[in-house]
Amino acid sequence: MIWLDTIVQGILLGGLYALFATGLSLVFGIMRLVNLAHGDMIVLAAYLILVLVMTLGLSPWIAVLIAAPVMFALGWLLQRVVLNRVLGPDILPPLLVTFGLSIAIQNALLEGFSADSRRIPNPELEGASMALGPINVGVMPMLTFASAIVVIVILNRVIYATPLGRSFRATSDDPVTAGLMGVEPMKVFAVATGLAMVVVTIAALYLGTRANFDPAIGPARLIYAFQAVIIGGLGSLWGTLAGGIIIGVAQTLGAAVNPEWQILSGHIAFLVVLLIRPRGLFPRAYD
Amino acid sequence: MLLQTNSLDAGYGRFRALFGIDIEVAAGECIAIIGANGAGKSTLMRSISGVLPNAPGMILHNGEPIGALSAAAILKRGIAMVPEGRKLFPSLSVEENLLIGGQKRRGSGAWSLQTIYDLFPILREKRALPGTSLSGGQQQMVAIGRALMSNPELLLCDEISLGLAPVVIRDIYAALPRIRETGAAVIVVEQDITQALRVADRVYCLMEGRVTLSGTPDTLTRDAIHDAYFGGHA
Amino acid sequence: MTPSDTPWRASSKTRAGTFVAILAVAVILIGLVLPGFASRRLIQDLFYILTMLTLAQIWNLLAGYGGLVSVGQQAFVGIGAYALFGAVILGGMDPMLAILLGGVAGLVLAVPMAFFAFRLHGAYFAIGTWVIAEVTRLLVAQWKALGGGTGTSLPRAATSDMIGVAQVAELFDVRTAAARDILAYWIALILAVAVIAGIYGLLRSRMGLALIAVRDNPEAAKSVGVDVRWLKWAVFLIASVATGVTGALIFLQTARISPDAAFAITDWTAYVIFIVVIGGIGTIEGPILGVLVFFLLRNSLADYGSWYLLTLGLIAILAMIFAPKGLWGLISARSGLHLFPIRRRLTGPLPERGEG
């Protein structure tokens, strides 16, 4: 029974990792860009929600509704002003720019909020749990997992059933020809990054309400997100969820054996998958 | 004049592919551009359609400079392109390929999904398949349909017969009169000179980035074309 | 133009190059005798500059020439350092000799790392190297004999009895601690010179030319038969050995180690990337210039803590957007200067054209 419990906790934790990863996956799928500041953006959004909650006295669920459009605008601007200028066949400039951004965000947060760890207050649901068959699960982990599924369903609909998604896919296939169809790749990229930042905000809500955070934890979230994306196979959002679950389960199982092994087991699961399925579990047919 | 190029120069980085090209297209006219491999035909199409940027005044549309506009802006002005090699989007179905061509439609024109399917009925059957899973000829139809979906007043077709069997080429060219009926002007880039002379009102021949010959099909002799194509008395 | 009898020669000599060779010898000689009249503080600063320069040159070889953008270099610094601590503390080895063991450890880690990371491309390669660095850090933190997560120090006896310390102390009439610093500084100087000379030699060899060909045009290089895979493996292994040695040296000098310090991504990868980006990636001159700028920034902004890092991050972003070839790129574009000429140019009867 304890094992079943551990595995269920791991699956639910995977939902959080999938939320971390979905934005990364979306942006990579459309513009082949890996944003090394992705984890720091999640932390930034968590601080934004925290500030809204603390200064305006809002509930975190309302604060996220305000933070999401702000983060969308931030992502849009980041893409238009910075990232669009460095996208190209050479992968080095975008990598280095986002690496610089990662360092800049971490230290700006450190300057603004100190290194103390913080938490978004969430009195109603903190610690609440419910029975799921024979085991008890927390309400927040359940909500996280459900949010991951809802986010993926909505994003998939946007990608596969709207003109915007058509533009995403066309630009991803061939930006020059997409331009001939009246699609402006640079604008499409900006919208995509904006959307990714909305998902980041949702991830930040759960990151910040479920556990403590501080300005330095971004890079580790980036690593989990990245692992989920690679395990799932580039470009498949459901694959990303599966990847998140694998990392989550590996971590909780590792921690059950020895608490020091939690993070290590996640990494090892990633390396094992990379060894047997180098292109991930659900690779795209063409790339 | 619908479209006019003014000593148009173009190239790739330091390499220059076009030298002072002057061509004109009147409303509703069908122009053929012929020339050997590497003559610069596709470069000319890419310049007009905005894929390659130019100085503003080098290309005029209804007398207005459009040389520096983006491809998207040029499409909005009513100039659509069927690119060399078809270039369908592999992630999009046939119908989505058509729809994306019409995403920036200019008002209501002759073309819609229905009229494209009437023009190329086979596409209606295959509309749910990935665009790139079709045969070469069918893909070419999608590429033409995709460009038409924006209701262009000038359609640029870069080697639409490339690599296709003669029967298929005939089917595709059969669509041309129907396209012209809508009042659109067309530029076809063709390697097949007979085909070009048959469909065009006027012909330009390019060689090594320069216009070496132009005129109406009936005024051009075989020898003149041969010289313009291959450069003098080879 | 009349044809001339003067034969065409492919040469990478430039007048600036000859000048630089002379200057380099002078700098090395001055560097070697410097401890005779420099303060201990200056020697320590120079040690830091030289080791950072070495790491930057190695990363530049990987990323700027090899197309291998690794953000996991801290793995090699850390493993090299831990190899030294292990050999000294557990094996009783002389620290001087154990520095070389750092290179061996780097090599041993590089094989599995390359095996995994080479399955990933571009940006994913970068994060892949980072994951493996994290795994290495977490595994090393389990090594209880070396202090686990909290780390350990080198025993005093081992470092003061180290080969050469007594002689240096006598030569400069300083105490053991200062003698150790001088010794470490000398090794850092030799290492930096060796790495720069080695990279320069490598780049001018057939292998280096192949590397540059692959970087500038991978398809064309493949079609003329350059074995890209083999090249990348070779570069990665060479870089790992050199990084391992440098890591061992750095922590020999501090004499104290912990997994967090030895595997710090900020210290051993982020700073290194800034140095290369600000100086100019894909040139040997760039990191040299970059490390000086970095050090000046560090000294003038160090009191401002996180502002300093924030500034570094922003400078790197601006550099990438507005001067993607870094400071050296700006300088050489203006002046046409090449201190380390790599590209061969044709010299012959015609007046020289600008370099392509």
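Letters are used for the chains, namely A, B and C, taken in the order the chains are written, and counting of residues starts over at 1 for each.
Here is the rule we go by: a residue touches a chain if its C-beta (ideal position, glycine included) is under 8 Å from a C-beta of that chain, and two chains touch if they have at least 3 such contacts.
From a predicted model like this one, the values you see are computed outputs, not experimental measurements.
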Thinking of each chain as a vertex joined to the chains it touches, would you call that graph a line, ring, star, complete, or other? line
Average the C-alpha coordinates of each chain, average all protein C-alpha coordinates together, and give the chain whose average is closest to the overall one. A
Can you work out the whole-Å distance between the CA centroids of chain A and chain C? 34
Whole-Å gap between the CA centroids of chain B and chain C: 54
So what's the Cα centroid distance for chain A and chain B, whole Å? 44
Residues of chain C touching chain A in the complex: 63, 69, 71, 116, 119-120, 122-124, 126-128, 130-132, 134-135, 138-139, 141-142, 265-266, 270, 273-274, 277, 281, 305-310, 312-317, 320-321, 324
Complex interface listing, chain A residues touching chain B: 163, 166-167, 169-170, 172-174, 176-184, 286
Of all residues in chain A, which touch chain C in the complex? 28, 32-34, 36, 82, 85-86, 91-97, 99-108, 110-111, 219, 222-223, 226-227, 230, 260, 263-264, 267-268, 270-271, 274-275, 278
Which of the residues in chain B come into contact with chain A in the complex? 49-51, 70-72, 75-76, 80-81, 83, 87, 89-92, 96, 99-101, 103-104, 146, 150
